[in-house]
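Some notes on the structure that comes next.
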Amino acid sequence: MNTPTPVLRLENIVKTFPGVRALDGVSLSVLPGEVHALMGENGAGKSTLMKVLGGIHQPDEGQVIVNERPVVMNGPLEAKALGIVFIHQELSLAEELSVAENVYLGELPTKGFGRVDWHELYQKTDAILAKLKVGFDAKTLVKDLSIANQQMVEIARALTVEAKVVIFDEPTASLTDAEKRVLFDVISDLQANDVGVVYISHRMEEIFKITDRISVLRDGQYQGSVATKDTDEEGVTQMMIGRKLDLTRKESNHELGKIALEVRNLSSGKAFNDVSFQVRSGEVVGFYGLVGAGRTEIAETLFGLRNKSSGEILLNGEVIDVKSPRDAIEKGISLVPEDRKGQGLVLGMNCRDNMTLPQVDDITAGPFVAEGAEIAIFDQYRDSLDIRTPGWKQDVGNLSGGNQQKIVIAKWLSMKPNVLIVDEPTRGIDVGSKSEIHKLLRKLASKGLAVIVISSEMPEVMHVSDRIVAMYSGRVTRTFECGEVTEDNLVQAISGVSKLA
Amino acid sequence: MKSINVKVLLKASPIWIFILFELVFFSVAGSYLSLSDKAFMDVDNMLLLLKQSAPIGIIAMGMAIIMINGNIDLSVGATFAIAAIVLLETMSSPMFEGLGDWVIPIAWGAALLVGTLLGAINGLIAWKTGVDAFIVTLGSMLGFRGLVFMFNGENPTSHLNWTLVDFAEAQFLGLHTATWFLLVVTAAIWYLMNRTVHGRNAYAIGNNREAAVNAGIRVGPHMMINFMLIGFLAALSAVVFYSESGSVNPNDGQLYELWIITAVVLGGTKLTGGSGSILSTLGGVIAIQLLRKGLGHIGADTSTVNLVIGSILILVLFLDRQINIKGREELKV
Amino acid sequence: MLRLSKDEAIRFLGKQGILAAFVIFMLVFALAEAKFISADNVLSVIRSSAIIGVMALGVTFVVVSGNLDLSIGSMMSFSTIVVLDLHDKIGPVLAILAMFSLTLLLGALIGFLVGYLRLNSLIVTLGMLSAIHGLTLTYSGGKNMDISDKSSWFSFFGQDSVMGIPVPILIFALLAALLGIILSKTPFGRKIYAVGGNGTAATFSGISRSKTVFFCYLISSFCVATAGLIQASRSLGSQNTVGQGLELEVLAAVILGGASLLGGAGTIAKTVVGVLMLGFIQNGLLLMGLQFYVQFVVTWVIIILAVWLDIAGKRGKLWSPLA
Amino acid sequence: MTIGITQNNVGVDSYQTTYDKAFTEAARANPNIDAVVLDAGGDVARQIAQVEDLIQQGVDAIIIWPTNGEAVVPAVRKAKRAGIPVIVTNSNISKAGFDFISAFSGPDNVTQGKRSAEIMCDKFKSMGIASTAKVVHITGQPGYTTATERAEGFENRLPEVCPQVTVIDTQPGDWNREKSQQVMEAFLVKYDNIDGVYAGDDNMGVGALNAAKAAGRDGIIFVGATNFAVGYEAMAAGEYWGSIYQSPVDDAKAALQTAVDVLNGKDVPFLNYFDTPKITQDNMSNYTKPVF
């Protein structure tokens, strides 16, 4: 079989940012009808490479070749005109506008004198939405959609033009399983139409399910490409991080302590209702459910960010009233929030200051912040979590998504909490670091911490938790003890099929 | 149940409810305090209200676009004054002496052109240098005012043309000329913002500039067009107003920017951009004008007027927030 | 030989753009008008800038916390009028105390409205601009206030010198040092940057956004009261509108210094440079005998050039990359 | 009878505030008069709107303190057409509007400027420096009629009476004591010899005086206009030479009286100037200290 001509080739792409060589001579080709995985650790340069492809960044050196013709793209529209569509890692939507306007953002259909052709716009959009099997229509405002549905709006953009290449940068980070299935259908449709798909994800099972070829970047350098069927998780991991990864979970052999946190019949408005559970010190409790199940709201209530409407919270057997995050912090509760950019980080602030923010009142020398102590904290967690940054002075906004997430985790670990709540802790984190974080969570538990892990990834909750609380629509449907959980009964519990517990 | 309905109503159109409240209040208070026999809600008085809202209102439409687009323009007051000077200077220029009243369209054209040009300067600087529009226009607020003084020394520029005054004072279907301009501008801007690609893109840019850039929307030219539009509208406002009054002081239009921004924000436009309604902006303008008129009607003195206007602004903002609170279980951020 | 590549030059500007601009302007003026850099003139410019400067220090706090304060001019008129009026009635010491208390009360009110009630600061302070003006007029009956005893020691704050340095300059310098340290070195300062940079993230980190904003306005009103004190002491009399319009001048100085209106960026040192720069520009143009309106235009150009240089340095490119 | 007044900008200085108070009091003292007192806040548009409102309310007479003497002409015409007599107060409207008003009542600002020039010239002559003296001029807020008229009167008259005195610099002090002090500081740095300062009002004059005192420059002759209480005190202290005596209370009363006379059908002179005499250290004992 002779290889078809690539729809797209990248040759020796170099891209530098002040202080960072993000891409260092990367070459890559995408064939028509293939799903090409791009993998690499956080900060390896995947998003940057794709932004070069999407016309958002211009390369310092090297060439982009489309259909064997070198091209220069000075903007996203030029890339789109060449048939390159880019679905961003971070949501890139105008929330106040309708779904249709977002799907066709930048190229609304017109009918003379710059007037928008609403009829055509809604018709075309609804046709695309129908393909995606989503439960909303073209006129819905994006701000009224859940995060997952917003992601689907992004994905809908891939279908607006006759694309030659579609790039998905971590599209599944906030999708539920049902939506993932739709996405994969879309991808195989594209494939059937000879479109080349570049697919970035840190989730191995997806990579092996849908991709044909895998290319790997490490520190901005191209490590090579392999056919997916010729390799396995271990092989890819080795290419990515240069060593093997031990993915087995060591059985916890530590004793569980007393009940550290107990929640009785807790409710808050419409977000969740009559929720009860316990977490012992030394235990990791996973919360699993669909987006909108109310898990985040429980965490926020425990952390003093929401008022409860009824029920009580007990810490070490005592009823407590958490009025504010300050309160929660003083009582030894930490929360790694779900939205790192919105809730976790001050993007314009440097890494060190972000990391020590919650304890800035406590690390002082006289009336002043003790900068030395801060740097020590930063160094410690940079090393233990392997955070890639040129130094503590770097603005967090310039770090790659995964490294930003690590800063948030470090920020809350350094608080030395008794109860640690992590909400989607590994969203957008590479396999290596992910397993590091899982190990870390286990280790923290073994030291006596009570840990709550909220996650929408089934493998993650199953891997890391001692017990799993399943939620559906603001209620706890079932609590699984260690050993009794299977994929099947978990799916049942979170989809409202099984009876309420 | 009933209280919910009230809330829904309030949410849908808070500014119009506020206007209604003002009308009722001043009518009632006026019947005790006013020296006039005429009712506050007299038809003629309401027609005057619309007319008097025009100078600020026309510019406010431009400000609404600018703010929806995510920018702000502090230089409109100075642009207003420059356009007025151009208008009046052109009319008194010996160059056009032979033309009789045909000088009027020329003067109007010249004033509108200059306004648009000044807007273009702001837009171009903001676009090409990347300096924030707040700073660019804070600077040009000063700079344009300097140009005003350069133009006419420190004296008023005057030219009374009675044909023009009669035109400006005319009433058609009961509405004054200025009111017609205000209504037409409102309609046009409403159409622009809700029906055209430029308008929708302006919303998108204000809402999420990065997303707009990523989607290939050319942010710069849109911004530039919007600044030209507000420049044009500031000049149009000057043209409408000074056609009637015929003389401009170099300090005219000072502080207009603040009142205009206030009106736009009262109308519910977010200062951060991306959302806002043209019709509510008209509401904001009318609400402020009504407040001034009403306070005059009931005989409030200067210090009271200042106190009340300031407090009302804050109160409206407070009520608006109370209405939009979802419940005590809301996320506390 | 010193040779800088364009890139290096731009990067240098990014760090010290405003300072570089400042030095250039000073040189130009000094060459054009010899008296410009005479000790007398320099001292007199700094002394006149002290009032704007002291207020700019407070506004820097407010701006870094992500808010605006347009009420300072109006509030400064209020302080000045109150302290002058009370001076003759209850004596200088009590007058000063009372004036500071009242001004801080106004600051606390704004802090409450913006910090705790989360109302938009632009509109709140615009409203307060008008309301406080009304308050001042009611208080004074609209009349000028004058101290009858012109030899009162009260003139110390505005007219005296200590070791050859005018007291207003000393107050400005001390306050700048104190507030500079608070903003850059203390936990409170760090929180202000966090709240201004991302209020939600700050809340999630256990920082009370409301409290932080509240104290920023309190500091701002303290600075306003100090400015009012210097003003009152300098002329021992005042009209009701003495501070009118200063809010924009102060804001211009703060922005010229490089504080971002979006919050989260700006320093006291840079604000001081911004203040001095505005002061020297105005003075330089005055000495060159330019008409005030030419000064307007030149100030416009300089503000935009300075801010442009500053951000061009930060992004490493002269022109904006915006399509 | 109901009389409506729209004033220029009440809060801005104590002359206008005192006028406002005096007017209200005078109106209240007269049981036949109901007064609707409005303030345009310096904004022409607002003033025109107020005239329209007064017409709409059907007042018997309108008194206007123009924010801009030209711009209000059409509004005044409207009042005339509605059969309402208009009296202009304090600063006149332009000639184009004379057909539409019943009378003007107020000071003559051009004459005031001229008188200030004469005060200054006389003093220089008595000091024997009339052939060499150098004067700096601090004007009011640019663009305000009163400011421009006084400046015009001064600049025209000075060369007539003292042809060898030179005005070496002019800058606006915006009716503001502090601003004026700053301007004067710069003048003092720039010019080694300044013999006289003419300020558009005493508020600014005293600001300039403060600057001179702080710089230790004695012997400068300060002349202002609108004698404020501070100016009067400085004169009494021998630091300030002269000014123009102008009472806002007289101003207000004259306006109201003119309106009443017009309504009562009395014959009033069209230009109803009230006198604003010179006041200097020499004759100040003839005048009481101004109340504002």
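Miscellaneous remarks
Chains here go by letter, A, B, C and D, matching the order in which they are written, and residues are numbered from 1 within each.
The definition used in the following text is that contacts are C-beta pairs under 8 Å (C-beta built on N, C-alpha and C of every residue); 3 or more make two chains touch, one makes a residue touch a chain.
Because the structure is a prediction, the values reported are computed rather than measured.
Any chain touching subunit B that also touches subunit C appears here: A, D. Comparing the chain pairs C-D and B-D, the larger number of C-beta pairs in contact belongs to B-D. When chain centres are defined as mean Cα coordinates, D lies farthest from subunit A. In whole angstrom, the spacing between the mean C-alpha positions of subunit B and subunit D is 33.
A separation of 44 Å divides the Cα centre of subunit A from that of subunit B. Separating the CA-averaged centres of subunit A and subunit D is a span of 71 Å.
Residue positions of subunit B with contacts to 2 or more other chains are 149, 213, 218, 302-303, 305-306, 332-333.
Annotation for subunit C: residues touching 2 or more other chains are 133, 137, 142, 200, 203-204, 292-293, 323. Of all residues in subunit A, those touching 2 or more other chains are 75, 305, 324, 343, listed in ascending order.
Chain contacts here follow an irregular pattern that is not a line, a ring, a star or a complete set. Contacting chain pairs in the structure are A-B, A-C, B-C, B-D, C-D. Within the complex formed with subunit C, the residues of subunit D that make contact are 10-14, 16-18, 20-21, 142, 169, 171-172, 175-178, 181-183, 185-186, 189-190, 203, 206-207, 210, 214-215, 228-230, 233, 237, 292. Taken in their complex, subunit D has these residues touching subunit B: 2, 10-11, 20, 24, 34, 36-39, 41-46, 48-50, 52-53, 56-59, 67-75, 77-78, 94, 96, 139, 141-145, 147-148, 172.
Considering their complex, residues 181, 185-187, 190-191, 193-194, 197-198, 200-208, 264-265, 316, 323 of subunit C touch subunit A. Interface residues of subunit B facing subunit D in the complex, by the touch rule stated above, are 34-38, 42, 44-45, 48, 51-52, 55-56, 149, 154-156, 158, 160, 165, 168-169, 241-242, 244-252, 254-255, 292-293, 296-297, 299, 301-303, 305-306.
By the touch criterion stated above, subunit B contacts subunit A in their complex at residues 195-198, 200-201, 203-204, 207-208, 210-218, 274-275, 327-333.
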